[in-house]
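You will see chain A twice below: alongside chain B first, and alongside chain C after that.
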Partner chain A sequence: MDATEIGLWGVPLAILGGAIRVSTPFIFVSLGEAITERSGRINLGLEGTLVFGAMTAYAVAVMTDSPWLGLLAAAAAGLCFGLFHGWICKFPKVNDIAIGIALMLFGSGLAFFFGKPFIKPKAPNLPAIPFGAWSDIPQVQAALDVNVLFLIGAALSLVLWWAFRNTRAGLIVRVVGDSSDAARAMGLNPNTVRLVATGVGGALAGIGGAYLSLYYPGSWTERISSGQGLMAVALVIFARWNPLGCFAAALLFGGAGALGPALQSVGVTQGYYLFYAAPYILTLIIMIATSSPTRSLAGAPGELSITK
Partner chain B sequence: MTDRFMLNRRQLLKTSAAGAALGLASASFPISRAFAAAATVGFIYVGPKDDYGYNQAHAEGAASLKGVEGISVVEEENVPETVDVQKTIESMINLDGASLIFPTSFGYFDPHMLAMCAKFPDVQFRHCGGMWNKDKHPMNAGSYFGYIGMGQYLNGVVAGHTSKSKKLGFVAAKPIPQVLLNINSFLLGARSVDPTITCQVIFTGEWSLAVKEAEATNALVDQGADVITCHVDSPKVVVETAAGRGAFVCGYHANQSPLAPEKYLTGAEWNWAKVYKMFVDDLIAGTPLPNFTRGGLADGFVKMSPLGPAVGEAARKQFDATLAEMMKGGFSVIKGPLKSNKGAVVATEGQAFAETAIELESMDYLVEGVVGSTA
Partner chain C sequence: MSAITGNKAVGVETIGMTMRFGAFTALGDVSIKVPAGSFHALLGENGAGKSTLVKCMMGFYHPTAGGILVDGREVAIASPRDASALGLGMVYQHFTLVPSLTGAENLVISREKVAGVIDWRKERGDLAVFMDRMPFKLPLDVKVAELAAGEKQKLEIIKQLYLGRSFLVLDEPTSVLTPGEAQEVLGLVRDMTKAGDLTVLMISHKFHEVTAFADDVSVLRKGRLTGTGRVVDLDRKAMAAMMIGDQPIAALDSRAEPKPDAEIVLKVKALKAPDRTGLKSIRIEDLGVRSGEIVGIAGISGNGQKEFLEVLAGQRPRDAGEVMVRGTAYAATRAEARALNVRLIPEEPLKNACAPKMTVAENISFRTFDIDSNGKPVSWISASAIKAFSARLVEQFKVKTASLASPIASLSGGNVQRAVLARELTGEVDLLIVSNPCFGLDFSAVAEIRARIMKARNAGAAVLLMSEDLDELLELSDRIFVMSDGALVYETPIAQASVQTIGEHMAGHH
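Let's turn to the complex of A and B:
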């Protein structure tokens, strides 16, 4: 009996567990968007890619009985969406934000259309690694069941952070994002670089969707995303286009999102709507605290249509 | 507008054809029959219609009408509780010729459905939920609902026998009367087994938020709740998450036992097929549709899922006995002496509210033993 009573410890534990469980889609979508925006384009369509990725992963996992094939299919579908966005945006006078919104609606609609027959069946889930096995408290074990995708996301943010600074590919993406003219003078084709960057970004968003439908919450429904793709795009600005910042911001959002249910479960029941707003209030506070009247957004790629 | 004109012209042609065949004196009879035979019924859902939950329960009811002669069914899913529903209603009336509309979600009623009632006085509207009041609302509107709180009481009876930690969990969407009655009924059912049982409630604030529902379920299990039920649009996520954490679950809206066959105890389900058939029979017969429709287990509006393999003998016995009692009618879940969890008296000694009591439809409290707050 006592082993199951953890009382107020449930709150920090839930925030930790929530940060790990909820943040993974945010990590992948925001890393993908960071790559795209670093190359000078904004792809607002990642919400649609996320939903379509969730549907594709679930459908393929149901049909082949393998969650890994589902993951692969979601990444491929995301890649297609990203390449499509990148291809349309290379034409002159095309607005990348408008195309993104169109693709967001298109991706969700297409996912609902193809996803109908897959709401009922049950797909195999992606495996988790029980890092909590050392503890004999079931709550701790549950909170520390970490999905492999979370670890991949963490590693990826580190690799991207390093690659943007130290590799040729990273520098190419950055120069294209900061100045098309400079890139052309170097003999680079900005459109090709942006096409690849948007494609990779889409593939990562597709993986984020696969996490939603194949691990947590772990089922395909049309309401699975509830706007997480859009929030992740906003996180990129919040994180100042820094991959490590994206990871931290995703953790913060995941943990803050777990606060509301956790507080209610220990009996803090007044004002739960306010607790649910915690992630957004936190965002506002950090944005205001780090803003400056004397300089524009630090780290913003110069070619972005919002900073031009 | 073109469609309306076409419809009129078609009716005109029918009328003149009938008039020619049968003579002018009997012409009105075939017209009204022709109209009834072409009756179209519209259903509007707030979410996808195969969500293992609220919308699926309604869609199954709508599907049962598809075999009824002379009735065609039009449906639209994923309609938000905004001005969008007004557009959907207008297109169902103007383009499909619907003469009876069921906007099934709670938030459609005021102001959206009421606005449409005023705009289309010849069309009948019946809203699922408890809000129609004959002093305030037009006569072409109405409401229907089932006493599903009784089902949650039965869920509670089984949960009370099954729980070892004596703590139950409830994932709820919004603190509206129907939800509060379900939470209270669930706890009181469990307390009929053991009066020390408590129930922790978590409100998610929305009818369908998959990730937050999963978080809420995890938080409840973390705090030791070992039987979980819910009142959200799609219990799929709650059922799967709770079963995944090793807790037992009681279902809601529809039968979720395929999602967790070992952990599913029983569930309170809607049986809308019966209700919709009743309305449509009235429509075909040409009798006025009732404005205020209610029913419970005995009327066939609500049913229980078959008991799962984890339900013990004692639970099964009390479940059957309570169900038999309810089928007789007049069973009261809320009966005195009973206090709210803030200490206010909600029923004095000897006072009892049967399922039909209209007071229950404006419930604004959680009873003693429920850990949670309505605001």
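Let's turn to the complex of A and C:
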């Protein structure tokens, strides 16, 4: 057997590679959303933030020739979107979900408007680390070409998991998310905490967007996200608001997303389109299997408008 | 340094405290004196101004006039932060602990100064030293949501002591506790005041707690101080007179003799249903309620009473078992409830038995608006019939409302409950299911509502009464069951009922 001809082994390998590649934006958006939701708000606008972040990163990278400046610009843009959401939601009788939907459309629209001139030029990519260099097999090399953002995302999920228990900021976010009354009795202002949490969530979503346009798929188009920001919000719920869970869920989702292309690469020609739907079907199945009509979600922050 | 907690009690005095909201005077010229190390009770009905007074003391409100002395010095308290700096703290009736955090996390994060990164090893060590000085032990490593109500209440008090407070306002601290837990918590607090570690101002409406634990008492009525004095010098009657003045109180009908062979109206057999966490289930093996008796169900909230009521009301699916009303299977559909004359008075009536923004008239007509006088369904709803019907009931049940067209949410709690009673008790009633009917209502409303329930019983209704208020159950019931951990664990006829035994079963000590 030829070294490059690895047959059916290509499928799990491609799934692993896909999981690492596809999951990165999900990791960032879902970690951002986890912070926001732990503080008691839902920001559905992260889809718009993701698209706008992708555009900003690409545009800045084209203009400055530095992908890292693009990344920073995307984070800053995301921060602005998050702060805007947090600021509007502090007013009484404002619904965070409705504002989120508005911002989702606003962010995408704004990105398309400013992004038109950047569809053509080529931006420098974010670097990847070739963990697969030890192998001669190109599929192994391709699968283990890991972008630095994936590693940062993995580290971030660990840090967040730790920080929610061991830092003052983490505990304050949990207090505010679980009981506004208790927070006020402690002299905390829930609106301020949520403003910051939504801002940080937006910045992380912006970074997720930068990954899309600067690494994989690696160019700016208007169809770059196709709902990944929304799926990431769903991931947070089935990860039960746990940062480590978000990381695992994003990997699972990314792996399922790579099933279609992997099957295609080993010569399955019929019905592989169906496997492109695998991540969505998987999400539905997990959501149905883990929900119950008679009890509320375990681990859900008490102040979240969907669980109240 | 004092014996138990290491804090030093402070005395607090209010002088001519007055609070006006627009033209309404919530508090008029109230001066009370709580010396250091005393246990002072504040009595009064709902709306008498008790919480306004303590909110002024705690800096939540800025009084229109009047001042506060702490340890004899005049101080300005502009915010809760100022109050806590002076060592004044408050334990609220509703818990302010964060349910998803552990006890230790709750304590540490409530402190004013917390390091950015929390060194849990050190904090745990400090907490262990602190808890050693406390008169009661608590698990600090479990989530607050998993603690029993009594433990939560103790943790609230511990939290205040941990924060260095030495003057505590306790707002109806025993309303969620069993009699045993109430005795224990108040006894411990009482010991701390005796040791000079703590001064306590307790808001209450339970006379027996006041007489058993407090040194002094002040009574408020309609925003005025109507009496104050040493508890030993006052009896219940005197305190009640200060509290309610000369308004008439509805008397309870004398209890018609129960008939042991009366028809069993409600029969529950081997009922099983999931509780709200979905992790446990409630199991009612065998329960029968006869016509003309009140069967009371006691229990600490969260032991499955709510779920049981929801099953009976058709709001919660059941896994197994049967509910029979007069021999027919009952699934709580509207048609069945109508045919079998089943009526329901759930707790928190505004939330569970009303459409808050619909009018009083509409709410009162929910059971009858779609049938005519012969009980046949109608296709056109008559607004004038609804109006006439509800006008009659409002009159009969003395519901105080600005108009029949006011939204029912604008009524006071007592009047919402009267409106619900009017709807549920009109017409034939064979089975009445009631839950916490008097929670949060004032004296006269409570007396009237209990009288109505007794009247329905005497008229032959079978009544199932779930209540967290043991006094209410002892006053009304013919038999009492105790519900603990999702099951009925104890039954006693009223003649042999003892608070002691019931309390022990409520706490699950058997």
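The rule we apply is simple: the second predicted complex is superposed on the first by the 300 of 308 C-alpha atoms of A that agree within 3 Å, B and C clash if a C-alpha of one lies under 4 Å from a C-alpha of the other, contacts with A are read in each partner's own complex, and residues count from 1 in each chain.
We adopt the following convention: a residue touches a chain if its C-beta (ideal position, glycine included) is under 8 Å from a C-beta of that chain, and two chains touch if they have at least 3 such contacts.
What you see is a predicted model, and the numbers here were worked out from it, not measured in a lab.
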Chain B versus chain C as contact partner of A:Ser219, first or second or both or neither: first
In the overlaid three-chain picture, which partner chain does A:Met186 touch, first (chain B) or second (chain C), both, or neither? second
Superposed model, chain A: greater residue contact from chain B or chain C: B
Check the residue A:Lys93 against both partner chains and state whether it touches chain B (first), chain C (second), both, or neither. neither
Overlap of the chain B and chain C footprints on chain A, listed as residue numbers: none
Which part of chain A faces chain C closely enough to touch in the complex? 165-169, 171-172, 174-175, 178-179, 181-182, 185-187, 292-296, 298-299, 301-302
Interface residues, chain B side, partner chain A - complex: 47-48, 50-52, 78, 165, 200-205, 208-216, 218-224, 234, 236-237, 240-241, 244-246, 259, 371-373, 375
In the complex of these two chains, what residues of chain A are touching chain B? 1, 4-7, 10, 13-14, 17-18, 21-22, 112, 116, 119-120, 122, 138-139, 142-143, 212, 216-219, 221-224, 226, 228, 257-258, 260-262, 264-267, 269-273, 276
Chain A partner contacts - residues on chain C that touch it in the complex: 80-81, 92, 94, 96-101, 105, 108-110, 112, 114-118, 120, 274-279, 316-317
